[in-house]
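What follows are several structures.
There are two complexes below, and they share subunit A, which is joined by subunit B in the first and by subunit C in the second.
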Partner chain A sequence: MKIEFEHRQAAHCESGVTANLLHHYGIDISEAMAFGIGAGLFFGYLPFIRVNKLPLTTFRCEVGGIFKRLTKRFGFQVRWQKFRDPQKAMDALDRKIAEGVPVGCRTGGYWLPYFPPAFRFHFNMHNLVVVGRENDHYIISDPVFPDLERCHRKDLIKARFAKGVMAPRGTMYYLTRVPEKVSFADAVRNGIRVVCRRMLHTPGPLMGVKGIRYLAKQVKKWPDKLGQRKASLYVTQLIRMQEELGTGGGGFRFMYAAFLQEAAQRLQIPGLQDLSDNMTVVGDRWREFAVIGARNCKGRAGDNDSYAAMARILMECADREEEIYRELLPVIR
Partner chain B sequence: MIIDELNIEDVSPGDIKDEEPLFGKKLGLDSIDAVEIVFQVERTFGVAIKDMKEGRPALQSIHTLAAFIEKRLSQ
Partner chain C sequence: MKVRDVPQQPGMITDGRREICYAVDDDGNYVLTGSAGWEPKNIANDQAWEIIRNQVHETVRKVRAGKLSPLAFYMVSNQMTPALLARYVGLNRWRVQRHLKPVVFKKLKPEILHRYADVFDVSVERLGNIPEDIETMPSFTEIP
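Up next, the complex of A and B:
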């Protein structure tokens, strides 16, 4: 059984899955637009949550938030299911596939055999769409890969029931009601408002632009506080969260810039294009931060590649981002 | 550029075959090195690789990277 499903490669798994699932049901939507309407952009430094024993830094909203906000805003109905028993989870998946319904699954990417070893590490928030089954293999539309992939049942079970932080527990989801028409104008404005509110006004020091500044202060202290080796591990984790985990690069800032550009054209809102350009500049600065971090991790840091230099770039990112969010709000009114 | 910027010891540019995988055992490169390669490609050639969607196929080998850069420069 193979569902006719157009696989489109994406930069990030959840926004890619969201766009591809909606596209399957006839909605003309890009990945960047799905990310923007789903208010995917965020920042949070959460040292009390550990991934691979290292602090979690997130550049995006909560897992599942993009899909939930976008489908709700457009009026889709979604069925979410979680399981304790892998057998029941696979049976439920098989039933939907047999009905011709593409099913989104949350997985631990480490266990998916088609991930190249060099890019494989434990990460339990990887989304994909199962679009068919042939004997013991499932046909997977994994948006971060160029083509459909195949995955053996035992590997998919391991991935759906990966253990550790944010274990997926067999989570699967599919659309049960599709609206006849959707309105992009309201959805875009709402998505932008949510991002601005969260980045500017989330309480506490760890999230939004305040979180970026907090992280900057921490990064500067890491070598003295943690020692060179551990500091280097912390930076490695940070870079991976920023550049690797299907972030679209620059901690999702490039993807958000693409969303603002598309929104400027689609909705003809003056001022959005300039803010898109500014967001690209911020993404470039985030990437420069990652490069200095990579040099430190790999022991090839030069005189200008200090932790203090990284902290300065982060402070600049926070200032530039704050300016963008403050300007965005009046532009979309 | 790759050998110099990534400080790869005991390997000269001539040792890397055009079709050989960039990431893996021989060069010992991993995804953190990819960040530096992406940065250096932009700085040296003015060609941006904004995300892993374009980065992953481009960074397979010297051949795919060169083809990607040439294609972008000709656009």
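Up next, the complex of A and C:
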């Protein structure tokens, strides 16, 4: 059994799954559009949450937020299921596949055999779509890979029941009711508003543009506070969060710029293209940050200048982003 | 980022696949472009693996010295802590911790050994030993 499903490669798993699932039901939507309407862009520096004993930095919204916001905005009905028993979880999946319904699954990336070895870390927020089954193998549309992948049943069970932080517990989801017509105009405006609000007005010092500034101040202190070795680990962790986890480059800033451009053209909103250009510039600065950070880690101990340089770039990113969000609000009104 | 600036520096991706980068073409339009990899990312990723490799080395040394059971090797090379492994086998963390002692490990019942072997996808016999040629393997972080 294999469902006719158009697999389109994307940069990020959740926005890719969302766009591909909606596309399957006849909605003309790109990954960037899904990311923008789902208000995926964010920033948070959360040093009290540790990943491999290093502080967590996020460039995107909460897990599942993109899919939930987008489907709600467009008036889709979604069925979510969680399971305790792996056998029941696989039976439920098999039933839906047999009915010809593509099913989104949350999985632990560590257990997916088609991941290149260098990417195999324990992270439990990886989304994919199961689109078919051939005997003991499932056919998977994993948006971050160019082609459909195959995955053995026993591996998929392990991935769906990965343990640890944010354990997926067999979570699967599929669309049950598809609206006849969707309105992009309202959805786009709403998505932009959510991002602006969160980036400008999230309380506390750690999130939004304030969070970027806070991080900048911390980065400057890292070599003195942590020593060279640990400081460099903190920086590379940051680079990985920014670039590695399928962000499309520059911690999702390029993807968001692509969304703003598409929105400008689709909805004919004057001024939006300029802000897209500005967002591209910000993304380039984030990339610059990664370049300096990686160069610093490559050796040259005692190079404290580069931490100051990194902090300067982050401050600049914060300033430029703040300006964009403040200008976005009147533009979409 | 311009399309022509999209980095093509392989490192993490070894099988010729591409990941997606969002980049601007000559007309100023965003397009999805394949990237083979990017040096800063490769460096950051290498550093993460170096930490794991060091942990595995250290554990292998202790297993050979009889200070830890082979289970410790399989745990660490699968990037797990006793707490995470405990969740996978459905035991208490302190029990898993005890099973890392060679004396306790030797007395484990087959039923418990099977649970561990299933998680790591190895046979029970293999679980009782660590691979001999571990240092010469190209990348033992891929094991098992």
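Throughout what follows, the second predicted complex is superposed on the first by the 327 of 333 C-alpha atoms of A that agree within 3 Å, B and C clash if a C-alpha of one lies under 4 Å from a C-alpha of the other, contacts with A are read in each partner's own complex, and residues count from 1 in each chain.
Keep in mind that, in the parts below, a contact is a pair of C-beta atoms (placed from the backbone, for glycine too) under 8 Å apart; a residue touches a chain by one contact, two chains touch by 3 or more.
Note that the structure is a prediction, hence the values are computed from the model and not measured.
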Which of subunit B and subunit C A:M207 touches, first, second, both or neither: neither
Which superposed partner A:N52 touches (first subunit B, second subunit C, both, neither): second
Touch count on subunit A, higher of subunit B and subunit C: C
Contacts of A:Q9 with subunit B and subunit C, given as first, second, both or neither: both
Touched partner set for A:H122, first subunit B, second subunit C, both or neither: second
Subunit B versus subunit C as contact partner of A:R287, first or second or both or neither: both
Touching both subunit C and subunit B, counted on subunit A across the two superposed complexes: 9-11, 116-119, 144, 146, 236, 239-240, 243-244, 246, 248-250, 254-255, 283, 287, 290-291, 293-295, 297-298
Residue ranges of subunit C in contact with subunit A within the complex: 1, 11-15, 17-24, 28-30, 32, 34-35, 38-41, 43-45, 47-49, 51, 79-80, 84, 87-88, 139, 141-142
Contact set on subunit B toward subunit A in their complex: 6-7, 23-24, 29-36, 38-39, 49-53, 55-57
Sites on subunit A touched by subunit C in the complex: 9-11, 31-32, 52, 110, 116-122, 144-146, 163-164, 167, 232-233, 236-237, 239-240, 243-244, 246, 248-250, 254-255, 257-258, 261-262, 276-277, 280, 283-284, 287, 290-291, 293-295, 297-298
In the complex with subunit B, residue positions of subunit A that touch it: 9-11, 116-119, 144, 146, 236, 239-240, 243-244, 246-250, 254-255, 283, 287-288, 290-291, 293-295, 297-300
